[in-house]
Structure formats: C-alpha cells, structure tokens
Amino acid sequence: MSASAALDRLAAEVHHDVQARIGEGRVADYIPALARIDPRQFGLALHTCSGETAAVGACRQGFSIQSVSKVFTLTLALGRVGDALWQRVGREPSGSPFNSIVQLEREQGIPRNPLINAGALVVTDAILAGRAPQVAVAEILAYLRELSDDMHIKVDREVAQSEADTGFRNASLANFIKSFGNLVHPVEHVLETYFNQCALRMNCVQLARAGLFLAHGGVDPLTSHRVVDAQAARRINAIMMTCGHYDASGDFAFRVGLPGKSGVGGAILAIAPRQAAVAVWSPGLNAAGNSLVGSLALESLSRRTGWSVF
Amino acid sequence: MSASAALDRLAAEVHHDVQARIGEGRVADYIPALARIDPRQFGLALHTCSGETAAVGACRQGFSIQSVSKVFTLTLALGRVGDALWQRVGREPSGSPFNSIVQLEREQGIPRNPLINAGALVVTDAILAGRAPQVAVAEILAYLRELSDDMHIKVDREVAQSEADTGFRNASLANFIKSFGNLVHPVEHVLETYFNQCALRMNCVQLARAGLFLAHGGVDPLTSHRVVDAQAARRINAIMMTCGHYDASGDFAFRVGLPGKSGVGGAILAIAPRQAAVAVWSPGLNAAGNSLVGSLALESLSRRTGWSVF
Amino acid sequence: MSASAALDRLAAEVHHDVQARIGEGRVADYIPALARIDPRQFGLALHTCSGETAAVGACRQGFSIQSVSKVFTLTLALGRVGDALWQRVGREPSGSPFNSIVQLEREQGIPRNPLINAGALVVTDAILAGRAPQVAVAEILAYLRELSDDMHIKVDREVAQSEADTGFRNASLANFIKSFGNLVHPVEHVLETYFNQCALRMNCVQLARAGLFLAHGGVDPLTSHRVVDAQAARRINAIMMTCGHYDASGDFAFRVGLPGKSGVGGAILAIAPRQAAVAVWSPGLNAAGNSLVGSLALESLSRRTGWSVF
Amino acid sequence: MSASAALDRLAAEVHHDVQARIGEGRVADYIPALARIDPRQFGLALHTCSGETAAVGACRQGFSIQSVSKVFTLTLALGRVGDALWQRVGREPSGSPFNSIVQLEREQGIPRNPLINAGALVVTDAILAGRAPQVAVAEILAYLRELSDDMHIKVDREVAQSEADTGFRNASLANFIKSFGNLVHPVEHVLETYFNQCALRMNCVQLARAGLFLAHGGVDPLTSHRVVDAQAARRINAIMMTCGHYDASGDFAFRVGLPGKSGVGGAILAIAPRQAAVAVWSPGLNAAGNSLVGSLALESLSRRTGWSVF
C-alpha cells in the first residue's frame, strides 16, 4: 500500500472510530453565529512532512478557528519581537479561567502563557506595533493565507462583530492588563484586532497545511520556506503541549500525547513532530470547552499511529 | 567512535557546559540534613535503551531523591489500582503552591495531579492498602532496588525523621484532603510512609537506571521485564511533562522538551522516550525550587542530542 | 409597668415573632452529638446592665456553645498577653471560608481575625502559655463559670471527643499556621484545648450572664468586678460586629445592628452596648452557618428595642 | 461652657492631638490632580444633631471626595429602587482588592458591597435608570448640593477627565460585571457617571453637613427633611461600619468605633449615630489607602467624646 493510501485508510479508520459519537457535546452559544451551527459535523485533514495528505468528512467546511489563531499570532509575534516577548507573557499552564484572573493580579499583569485569552491579547498588542487594527488584521490574514497556501481564507465579519458586541470578558481582561501597563496600544485597538483574528474562517485542510511547519522544525516541508527557527518551533510545540487546551491541557497530553491547540469553534490543530500536522473539527464541546469528538479523533489517531511524543 | 564513547563524550560536554555555574542556587534549608549539603556538586548519569551508560561528576554520590520518588509511587499505585486512581487525583498542572491549595478546596479535596505533594499523599494512601506504614515503605524500597538493580538503596532515617519533625505543611495538606474523605488511612500513616519515600537515598546512576523503563514503553530494556504497560508509561511521561516541575513545568518543557521530575534535594530524572533515561543532581535550587544547574545540564543535553520530543 | 415586666413582655413578643419559624434550618451534622438535636427548639435570655433579666422558651436547655467560646478565649488572651496578640492575629473580616485559607497563605500564617477558626487556634495557643491542655481547659472552664456566676457549666466530653475524631479541617488549619511558626505549642495541644473549649455546654441564661461585662464597658454590672478595661471591651464588641458571623457578618450588622457571635450549635451571643447582653439558641442553621431563628429573634429584638448601635 | 464652645474646644483638641503627624502618609499619585496636592494639610468639621457646628484647620479647602461619594449614591439608589438593589450587590466586607475580584467571579458578578468600586459601579448603574450620564451626574450633584445646603459644590472636570484617562482598572471591573449581565447600561455610560461622582469637589464643612441625616435616623435635623427612612439610615451606617475602609474596615471599627467612609483624596466621613456627622481631610494615605491623619483624628475624637457605638 502506498504511503498515501495508508494515510487515507488511517483517516477513514479514525473517522469510523468516532462516527457514533458525532453530535455529542454542546456548541458554543455565546454568539449567534456559533450557536446555530449543527454539532453533527466532523472533519479531519492530515499533512505529513513528506508531502502526503488525507482528509475525511467535512474537511472543506469552513469554521471559525477562534483560539487556534493564537498559535499563529504567537509565531508572528516571536518573529517580530523575538524573546523579548517573554518579558510580557509567561509560559506556564494557567489552570482554570478562575486561576487565570487570580494569577494575572498576583503576577502584575503578566499573563501565564500566550495561549489563554489574556496572553493572546498581549501577543496581539505586540503584533500591532503602532499600526492601525485593520493593518494588523490584514497582516495576520496574509500570513495565514501564505502558510496554508490558500488565498481564499477570510475573516468572518459577522463573527468578528458578534465577538465585539459581547466581548465584555475580553474587554475586562484587556483593561486589567492595561492597568498594569502591559498593553502598549489603546484597549480598543487590541480588542478589534483580537476579535478579527478569532473570526478567521478556515477549513481542516487549510488549517493542517498552515500548521505543517511546526511539525518540520519551523520549515514548510513543501516549499522549504523557513517560517521560524527550529528552536522557536520546538518551543511553540512545547507551549501547545502544556497550555493548548485550557484547564484540560494535562488531560490532552495524557490521552493524545501531541502538542495541540483547540478553539471554541470546535477545531483542534495537533502537531506530530517530524511526522505531520493534523486538523480536526467538530463543533460539540466537552466540559472543558474543547471539541469533544475532535479530542476523541486525535486520541484514536495517536493510538493508531504511535505518534505520541511520549 | 563507538556508541559508548559517544555517550561518554556527550556526558563530558554537558558537564563542561555547566561547569562555570556549579554552586549557583540555594540548597533547600528546611531541614538540617539538606541545609548542610555543599551546593558545589554536580553529577549526571545516562542509561540508553540500547544498554549504553555514561556518567560524570558526583554520579555515585548519594542524595535524597525527595519528590522524584513521586514518579515511582505513581507507577506502583497505577499497578495496584489502575485507572481507579484517577477518581482520586487529577492530571492537570497546578500552577503555584498557592493555587494548589485553592484548587484543592474548589475541587473538593481532589489534588490536581500526582506529582505535587497533595497528589502524592493520595497516591501513597493508595499504596498503603490497609497495611502498616513500614510495610508500604518496605515495598517502595524493594521496588526501587529492583528497578535500579541495586540492593544498596536505603531510606535515610535522619532525613525521614527531620521531615516528620517539620512537616507541618504536609500534615496540613493531608488533614485537608482527609477532611474531604480522600484519604482512606489515618493521616499519620500516610505521612509516615510519605516522609520515608521522600527520604530514599540514591545516586544518579541508580536513579537513571530506575527510570529507564519509562523511556522504553514500560519495559526494562536490559531485563525485558515489563514494569507497566506501554500506555501507562506514555501517560506517566505525559504527566511528568506537564506537571513535573511545579510552577516551572511549562518552562522546563519550553527549554528542555523532555518529561522530567525534580526533587528539592537537587535531583532531576528526565526521560527521552525511545532513547534514554537521564538523572542529574546538583543541590542548588532556582527560584522555582528545581535544581538550577541540573536544569541547565538537561537543556544542554537536549540541545546536543536533539532528544527534545518537540 | 416595671422594667422587669417590660423585659418579660419584650422576650415574649420576640418569642412570638419567631414562633412560626422555629424548626427551620438544618442542624449541624458533622458530629453525631450535634446531628441528633431536634431543631424545633428555641431559647432566649436577656441580662440588662441595670440588673433585670428575662428569659423565654428553652432558656435553660444546655447546648454546645461552639464558636461563641471564641469571644471568651479572646477576652482571656487579651488579659494575658495584651496588644501583643495583634502581632499574631488580625482584626479584619475574612469573607468566606475559602478566603480564609487563601488569606492565611497570602498573609504568612496570620489569621484574619480571632473569631474565625484559624484565629481562634492562635488565641488558644496564647492561652496555653506553656501549660498542658487540661490546665488551659480548666482555666477556660473556671473563667466561664465565674463570668456566668454558675458553677454547673461543664465541658461535654462526648462533643469534645467527636470534634477531635473528625476535626481534620481544624487539624489542617493548625498545621498550616504552625508551618508559618505562628503556633508556639504542639499542634495536638492546641487542638485538644480548642476542641474542649468548643464543647463547653451552657444555656441561654448562663451565656447572656457571661457576656454582660461586654455591654457594660468591661465591668460586670452586678458584681462591679472589672473583667477587661473599657477600651478592650469596646474593641471586642467591634470585632464581634465586623467578624462575628463568618461570611454573613455584614448581613447581621445590616439586619440586627449589634455586635454578636454565633456558634454552629445554634447559639448567638449579642451585645447591646450600655443596655444588655442577649443569648439566643435555636439549632437550625441558615446557609451561612448561623442560627436561622436566632438571627430572626435578634432582628426582632433590635427592632422592638431600638438597641441597634446605628 | 456652652455646647458650641465645648464643640469648638473638642475640634481644637483633636487638631492638637494630630498636629505632629500632619504630612505623614503618601498622597494618591495615580492622577496628576491628586499627586500634586500638598500632604501637609488637615481639616475637620462637625455638625451635631442639635445644630452645633465646629471646624478647624483647612475646613473650607475643597478636595476630591472620591469614594466618599459612594455613601450618597447608595442613598440615592436605595431611594430609587429600594431593597431590589440587594439583588445586585451584597453587603459583606470584601477583604483585599485581590479578594474583591476573586469574589466577583465566584459570586457571578455580584459585588460584595456597595462601598467597593465594583459595587459602586452597580449602584451607579441603578441610578442611571435609562438616562444619559450627564443627567445622572446632574442629579447626583443636585443631591449633594441639597444635602449640604450649599449650591457651590461642583464636579472637578480635570479630575473626572484624568480618572477617565487612566481608569483601566475600573473599566476592567465594569466590563467584568457587564459580562455577568449585572450592568444594564453601556459600560461607558456607567464609567462616565462614576468618574464624575468621584470627582465631586467638596470641603469638610459641606461634607459633614451632607452626612448629617445619617446621624439622625435619615432626617436632616436642621430642615426636618426626611432623606431616607430610619431603617435605611441604620443600614447605610451598618454597611459603612463593616465595609467603609476597604481592607482596613475592621481596624477602623476597632480603633474608632464609628461608621465611616474614606476616599483616596484623603477625606473620611464618620457618623456618630444620634450625635453628629464628622468630616476630616488630610491627603496623606496609610498603607490601606485611607487618610492616615484623618484616621488618627477620628480615633482621638472617638476617645474624647465616647461616641464609639461599642
């Protein structure tokens, strides 16, 4: 069997493993654009470092990537400001959202890590670099288009607007961080940029492709373009492992054993170092706010492939 | 160059990398037996899955393994009660010691993970299984002797007694957990067993040898003896990665990229899956309570070998 | 109508006001001796500074005074060590029990105030003064007998033993405080003394009589014996006002407007400065752990008399 | 000596008692308009229920009343919505600012009491009642002018603007509360109104006069105008006692024994029920953020008069 056929079979087997569970979980309901999505959907796409791809289910159905965007803005910010970023944001797991706020006060406005909302706001502030929000959003969009090699990626304006209309918790966080002097730009600029990056609309094929450089030492294996240096790529993976699933990061490491980042829209991007990037999407969330079926699919994939880093 | 010679050279290079830093950090001073240890010591030992070994510095100098023991009692408890253990202890990073107590109350006496003190007390309770503390301690000791293939390992009675005399914080934790019904045995039995396991005296060679099964899918590669099943070994590694260095676990993953567990006596056991087990020891601690020079040595080792799982 | 007759009428009216509510609330159930008490009981006794008394209901039924004892041990400790006590315990409200532990860590083992368990343990430690627990308990008992002018007051040994058997939360607190060096005596001595003081058995008549000096500037108005100086009496009242009802102290001040201290056995001692001391007892507790009907009775009393300090 | 002469002497004696301390403490420095104030100032004014007045020092020097305004907006809101207000804000002490945020999350956006910033924002929201901020501000201003019988009271526009420019912590709180649905109006409207009420400029004579109704059962004793019912007045006093000095409320009750409310501008309004209202001002703050010399003056006053409610 060719490598490509084996990959197709793998994708199909994983799909089969979770078939009966599709539709479980609750979709995010804090904005209408997410609340009305049918939870009975599942997509998966893989890109290997050697160039094979496989995809099943609703793998070309677009979704709001939400917090998965934090991986890419982190990469962008590290490219822009380098290790100076770590003066402004930590890299420790945060525990519960509750802890997140408590820590923010104890640690004088330094968010625990760049993959929680507080930290991502600081990262976004670093990306703004004195520019208008729409310029920064355009840069982020261009970056994702390039990484995924697909010019069709867009920001979902309805989602971005809904986030802005209801984003009081994020506005609270941003003002809190600002009160410690850890945001350079006006709070509204940071929030506008942040709400737009969360509203990026992608599908599994695009998302797996965009994350492939993280599985290959920071270099896109298909174009040989270096996105970040090898150390930065390893470090981003490390942060995804310890912090990528909110207060269930430990559980994801335990069950799946791969660096990953989930979003409340139901997507998870997982990286199998030296092997592949994988994107899954299924909108029903578990109690920790991560895709229920997506997590199961990655657990199945990890078991079937032995890609667990442990 | 033979594999063994290459490994010797690696150990020597790592030693050289950290030479200038040896003596930095503060030794733990809460008990006399630890406080009087000279911080200007460093040892390192490696055991590879293919049977090579290398060791440098004070690699045969005994030390109190302290919290590194938590890895082995976790393994023992999983063998005894299996996944039922996860009803009583979580597997999420805990953040600061501060968080640890707050979480313990919010989560009704269920410690965040088995590698913090609260969780290790529950693990010890599971090992006791209705027996007297000295019986459980004898079992733990026999287990470590078998894993390290060295009958000379002992419990340091002075350290155990000092821990008991000053262990008010652990007594507080144990009583707190007991108040939620999450300890079966009398608090004093759990504490006595726990203080003895922390006082196990080992050296780097013994410690690396004892952890080797975790690098090899749960099987000791030298004896082919299965210690735990492959999934359990992966999961223990996952917990070490996300929770093994207290509130600096994220930083260790970021810098070193290997599962590891540190102890306040200055030891760190690190696992390079499919490659090797490594033990380092240097008593000076950094601000997070982990061996300062030991962490640097593992960062050097990871960089030189490319063993980072990321 | 004579003063005494007016006081009898007042007591009767208050009794009538709460009659329909008697039996509401949940009795404390953490030890059998409290759990089996019939909640359908109510007693009230008043002693005025001018020597009148009135009492209704089960006013001579003995009960476990529990945390009401903290007022008397505080008085005793202030007499023994004076203002030096405030180096070891604060006088700020603590909020929820949750806060209490968090604060204890943030504030390095200094409890928020002497009327929460943590603070009362420190107060008990101050009373011990190098003596054996039974000596300190004997002193506390003698003190209460003298204040209430009644030699029949006893410690309920069954309650004290039950407290000791199940007091893991208090043992946790005591060890926690000890770990910060804020207990001088062995933890077991402090706990033994504390469990005995909580198990003091008194009735409403005795309790109101014992508290009368606090309504009269520190002097027992019937014997002219000075118990504490006037400033200390005012200060104890102030602490009762801000801290006497756990996380419902603000609400008690709002509704009743008198300094008071409740116990989980269903008793409340309230002080109307320059007027009277009042003891109520009814075992059913509200959600905050204070006597539900007792609180209502004091609200009625305050409204009928205008004794609110506000 | 006439009552008036006695009051003059009292004021002079209190002034004398604190003379040597004037200038101690640190002025609030978060906005320029406060930071540049000379700490070496002290003013005091008393209004008794029987109509006498006395004043010393800089008693007619205007200052920013800041959080003292919370007492008056609470009174206004209780008049507007009555006990329904207590569905939206509690009346328990909050402990530290740290606790304040933690509690806000645990208690689902219900602030602990109306005298901390979070609670005052909810109170301000209740006052807005669908109107524009400038209308609500005008009402609050008119209310204070009436209560103090002085048409010259103004909002200090520079202070209000500075508060708005730097008020990230308050913006964070307001958005946080809004995220729980406990603000009806737009966050910006609530903040604009709030920043203006804090910027009210008054002097000691005006402030003592404005608070006099709280010492007299809710009725202005000079005009016989009923401001609030007697129960509401008692309850406002109770909240001032338990919550009026942030995390030093217990200490103020302990030392002074009067209901009081402090502001970061250096003012304290204290109420001696049935006796008098007292306003002190001295801009140097103690560690808890309350006027250092103002607190001392009230302690002296309470000791000299016996007005402590305890």
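Just so it is clear, A, B, C and D label the chains in written order, and each chain counts residues from 1 on its own.
Here is the rule we go by: contacts are C-beta pairs under 8 Å (C-beta built on N, C-alpha and C of every residue); 3 or more make two chains touch, one makes a residue touch a chain.
Note that the structure is predicted; figures quoted are calculated from it, not measured.
Participant: From the centre of chain A, which chain's CA centre is farthest?
Facilitator: Of all chains, C has its centre farthest from that of chain A.
Participant: Of the pairs given as A-B, A-D or C-D, which one copies B-C, with over half of its contacts the same by residue number?
Facilitator: A-D
Participant: Indicate the whole-number Å distance between the mean C-alpha point of chain A and the mean C-alpha point of chain D.
Facilitator: For chain A versus chain D, the centre distance works out to 48 Å.
Participant: Measuring centre to centre with CA averages, how many angstrom lie between chain B and chain D?
Facilitator: Roughly 55 Å separates the two chain centres.
Participant: If you average the Cα atoms of chain C and of chain D to get two centres, how far apart are those centres in Å?
Facilitator: 32
Participant: So which bits of chain B are touching at least two other chains?
Facilitator: Only 98, 102, 106 qualify.
Participant: So how do the chains connect up here, line, ring, star, complete, or something else (other)?
Facilitator: Basically the chains close up into a ring.
Participant: Quick one: which chain pairs are touching?
Facilitator: Chains touch in the following pairs: A-B, A-D, B-C, C-D.
Participant: For chain C, which residues count as touching chain B in their complex?
Facilitator: So the residues of chain C in touch with chain B come to 98, 101-102, 105-106, 168-169, 171-176, 178-179, 187.
Participant: Along chain D, where are the residues that touch chain C in the complex?
Facilitator: Touching chain C from chain D are residues 90-96, 98-99, 102-103, 106, 112-113, 233-235, 237-239, 241-243, 247-251, 253-254, 257, 259, 273, 308-310.
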